[in-house]
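Have a look at this one before I ask anything.
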Amino acid sequence: MKTRKNLPLIVKYLIVAAVYALFLLAGNLLIKNKVIGLYYTKVLMVVAINMILAVSLNIGTGYLGQLPLGSAGFMAVGAYASAIFMRKVPIDPKLIFPVGIILGGLVSGLFGLIIGLPALRLKGDYLAIITLGFAEIIRIVILNIDKALGITLTYGAANLKNIPKTTTFTNAFIWVFIACFLIKAMMNSRHGRAILSIRDNEIAAESCGINLTFYKTMAFVVYAFFTGVGGALYAGYLGILNPSGFGFAKSIDILVIVVLGGMGSMTGSVISSAVLTIVPELLRAFSDYRMIVYSLLLIIVMIFRPTGLMGTKEFNPRGIMDFFMGRKKRKEER
Amino acid sequence: MSTLSLIIKQIINALQLGSIFALIALGYSMVYGIIRLLNFAHCDIIMVGAYISWYFMTNFANMPYLAVAAAIFGCTLLGVAIEKVAYTPLRGSPRISLLITAIGVSYLLENTAQLWLGAAAKSVPPFFKVTTLSFMGLSVSTTSVVTIAVVTVSMTALTLLVQKTKMGRAMRAVSEDSQTAQLMGTNINATISFTFAIGSALAGIGSVLYCCAYNQASPTMGSMLGLKAFVAAVLGGIGSIPGAIVGGFVIGLTEVFVSSIGLSTWKDAVVFLILIIVLLVKPTGLLGKQVNEKV
Amino acid sequence: MKKIFAIILSAMLLLSMTACGGGGEKEAETIKVGILGPHTGELAVYGLAVRYGAEMYFKQVNDAGGVNGKMIEVVNYDDQGDATMAVTGFTSLVDDGIVALVGEVTTGNCRAVVDEAYPINMPMVTASATATSITYDEETKTVFKNVFRTCFIDAYQGSKMADFASKELGAKKAAVLYLSGDDYTQGLAEAFEAQCKEMGVEVVAKEAFSKGDKDFNAQLTTIMAANPDVVFLPNYYEDDGMIVTQARALGIKCTLLGGDGWAGIEKYASAADLAGCYYASAYAAGSTAELKAFEEAFVAAYGEDYLNMFAATAYDAAMVVVEGLKAAEAKGAKAGEEDYKQAVIDGIDQNAGNVKGITSPSGYKFDEYNNPEKDVVIMTIKDVEGVPTPTYHMNY
Amino acid sequence: MDKIVPTPSTGIIPERDLGKPAVLEAMHLGIDFGGLTAVDDFTITVAPTEICGLIGPNGAGKTTVFNLLTNVYQPTRGSILLQGRPTQGKSVYEVNKMGIARTFQNVRLFKDMTVEENVLVGLHNEMNYSVFSAFTKMPKYFKQERAAHNKAMELLSIFDMESMASSRAGSLPYGAQRRLEILRALATDPCIILLDEPAAGMNPNETEALMQNIKKIRDTFKIAIMLIEHDMNLVMGICEGIAVLNYGKIIAKGTPAQIKSNPQVIEAYLGNRGESDA
């Protein structure tokens, strides 16, 4: 625990909150005055959703060292849970949306628990394949559940329509903040260290008294929860849901973001969500090559910089200051 | 059709489907056995094989043997090339890096094919004239017969290769314990490349059989097929040849059974559910061996 | 924590700069029309057909002097088949100042776009989204008055094919094998089944398969055991080509029927297998001089890979859009204003009868739900010296 | 708990431990790997502050014994009592909580974490604040984290490693890594610590220092220490009792002096040197 001596904690938090509030305010102002057009506002909302999805997948891959390939599945659970709730509740959707988001997260987290408890007994590749299979099952269930139960819940292939479009620039980025803050808080605690120790060496971690099942499941549930939150925001952004939107490709998209950003670096995930969402929009002329570039990047990054662009490093305002002041920084390279 | 002949017909369907799964599952299983890598790109090697078949069959329609040879050779070459370029530099890296690379290779192949040849499926001309054989009131298509026969021969050949030859022994040694095998003078690199070559050649055979049965090549054809075959490999016990065969047939039977009772839309879910249940009860798969991790 | 915000802030800054740079002055001389759909990825076959078909017509209009002396400027957006990108893409087009849209291509994404377009009353004509819900929302009983289409709705051709099977082919027992999880195929299958009941045709087997399936033997064996007179395959041509081949290999000899998704099936199954099958279509390829001219010009410009039904309906969709633009220009409305968009919509509503589309030579007529009322063309496939050849059978 | 007078593992109970219950009792332990008996009839008793050694030729099954004692492997036969409580069926982390900690033959540090964090993982169960406290940053969180930090620094000071606290563990020199692993094990507050070749890769000076430190640890923390070691100077220098393992079986127990003169031990070492002592 390194705490900076000069500022009391509460002041630090207030500063952080103020800076972020300022950022939200500025964003809103720019949008209101049409400096940022409707299109870029939408792109920013997608950036925010991808940030949430990426920082949560980063718990699974970066911190826990596993490879869950089920992001699309948890996203679908969160999206559908929240959408069904939002459609049914006769209260002003703008007011009730936070409840819908948390509900989406909770339901997804519950699924995370159900799938995680058994799946996490298996290692590495098996976990990947099981989560992938699970995401497939989720998609099939959403597709067929209406017919099987004789009720209308998901509308299957016929699209779940008329979901209140309640996702805004502000609430999307507030959730980015909440996700980052809570995940960071978790990782800076004994629980976070337990998760990291499992990544570094399972057997040693267990020999140090770390309950592997508990911490793996916990990390997995938190991953599922925030992925569900991302899904809920996605539902509120799109207004319409179709199971085909939650295929394997979606999981891979998010994986690409996390891997390129650096497995284990939240900053990396955040930056790369922004870059990988915005750059393709700017380079639309090359959209033919997008997937090829992504896949090449995956291979090249893995071969030449297996830890991703940011590695496990986090961006630190002090680091920047040191950099500009020309102070020398001790480097620890592998 | 009587109920009995219906059941027999469905069993033949299951055998045909299962044997293709088994053949592809073998490729996964062998590679996994030797370098503990879930080779996501394996199914895309089949896709490439199918496109090679398509190219030769449309341009040299009267020489199906050429197409078969080209597909098998092309797949083998591709498999070894992938191993050399993408996987060898990562030997010794964390498994997760290797897995992500494999996903990357898979996506690269799929998207290159899509960009180059278009997203629309290509129709592969038939390798031989498909007829329906009637046998004691049962009709069986020649495709089923050929598929089942070819897979049986390939499996037997592979089993002999692994059990009786020097290279087969080296493969078993490396998958058992690569460090010890190296100390004993086994050339690890050659063995791994050889394994990739064999696995990819099987994929080549699989791609030809696939084209016989389903007469189409498309960029994403491999993804679901590969996933199911991998499930088959895991189900049977990854690293085990009889396991892959058993797994393939289990998946084939399950799919056909679920479809034939009118629940075909739940088929994939059932397949994955069976996988999950088997892994939970017996994490090493049906015929897999328990491996103790060295501490 | 702060790190994250700093990054977001700088990203925002960067963005806002690009946003400022991007929004240049609008040329008053052109009329901007958007085309939105998947131009890359798995669905590109449909998306590009729509894009090229529409672009071709707009180009012809421009070559002939434009609308009211103004050129039509096409703005393309590739959403890669992703719903999220379809929505951002639509807003991007709106930001670009389009006055009408051709698209989206697939039903799901189209409906997502409709949800965006309806509140701002943006005229849109889709050439390929066939679900009822595109123009009419059952839950809220809303007709989306700004949305038109030049293709059939699912239910229409599904029930037409059931009629055809019963009346023309005298079928007593029918079976269906459809792709589950797709609103188009599912819609056709359901409409077919419902109409069969109406007509007293027994549906002896209704089987489904999932996306990506290649082996249909299990379902086909069940169907074969039920011994139907006709089998309805309301899927896309690639899947149905495979199904036809497998069905024949298995020994199913009865007549096979398809929907308009069959256009192009002749490349995916043999003449022997396809001979004597029927499918519904919006038009009979090469049956009129206009169609022939269209097809030739299309192949010359874009090759034959994308010459499918959607290219033709998109060509018509562009025609419908231009009819609306003419009306708006005639009214003297100014692009970018609310009146203009309403004028385009009114123009389409009132004057679509004048649009002699290549797939609807008698003009377009839109019913109260903005769906076109046009004849279904029944096509049959003949074996012409070993080459499967789709041939006009009848209007139905 | 009944007071058990330890049956000496080694022929000797240190005088200070006389009459106290044993800290670890293994009875007739055995394990088979696929029909092959790796360890058989392993019986040993360790007194509360005893330093004992487990030696034997390579491949004799010493590490397997450690794995059995810590439940990494579930024994096929026999039972283990840790402070009088059976460990059967418990998982590795539960056994650790019951008071057994260990190091590994091939160092298993959390390489991507800092030195301090490595020790803090060992202190994991010392703290008990919930995830919720971590999320909300309750005072309890700060209080316990601060206490853990101080404790970690205190532990690091045993080997003079405070200055390295914020270095990445993987970047330490080999000897320091081994020492850190011992500290991490110590942090879990054990009553017995198992050291698997603690002096491997150390030079004679380092080994000498390590010997002093092992004794210091025993005296400060009042715990038992069991070690596997090939360095006979170290074993003979600090172990009060020694058990010799060959082919998975104990062939001799006793004081260092007794072991040195045991003909069976000599044969086990000399007779096998050519093949396995590579």
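Order of writing sets the chain letters: A, B, C and D. Residues in each chain are counted from 1.
In this section, contacts are C-beta pairs under 8 Å (C-beta built on N, C-alpha and C of every residue); 3 or more make two chains touch, one makes a residue touch a chain.
The structure presented is a predicted model; accordingly, all values stated were derived computationally and were not measured.
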Touch-network distance, chain C to chain D, counted in steps: 2
Maximum centroid distance from chain C, chain identifier (CA atoms): D
B-C or A-C, whichever has more C-beta pairs in contact: A-C
Centre-to-centre distance between chain D and chain B (centres being mean Cα positions), rounded to whole Å: 47
Distance from the mean Cα position of chain C to that of chain A, given in whole angstrom: 35
Rounded Å distance between chain A and chain D, as computed from the means of their C-alpha atoms: 41
Residues of chain A touching at least two other chains: 140, 143-144, 203, 288, 291
Residue numbers of chain B (touch at least two other chains): 114, 223, 265, 268, 295
In chain D, residues with contacts to at least two other chains: 72, 104
In the complex, chain D residues that touch chain A: 70, 72, 91-93, 96-97, 101-102, 104, 108-113, 117, 120-125, 127, 129, 131, 133-137, 141, 144-146, 148-149, 166-168, 170-171, 184-185, 187-188
Of all residues in chain B, those that touch chain A in their complex: 32, 36-38, 86, 89-90, 93-101, 103-108, 110-112, 114-115, 223, 227, 230-231, 234, 265-266, 268-269, 272-273, 275-276, 279-280, 283, 293, 295
Complex contact set, residues of chain C against chain B: 41-45, 180-181, 207-210, 212-215, 217-219, 221-222, 224-225, 227, 238, 241-242, 245-246, 249-251, 267-270, 305
Chain A residues touching chain D - in the complex, by the definition given at the top: 1-2, 9, 182, 185-186, 188-194, 196-197, 199-201, 203-212, 218, 264, 312, 332, 334
Chain A partner contacts - residues on chain C that touch it in the complex: 1-9, 11-12, 14-16, 18-20, 22-23, 39-41, 77-78, 80, 82-84, 87-88, 91-92, 94-95, 107-108, 111-112, 115, 131, 133, 137, 139-140, 180-183, 186, 210-211
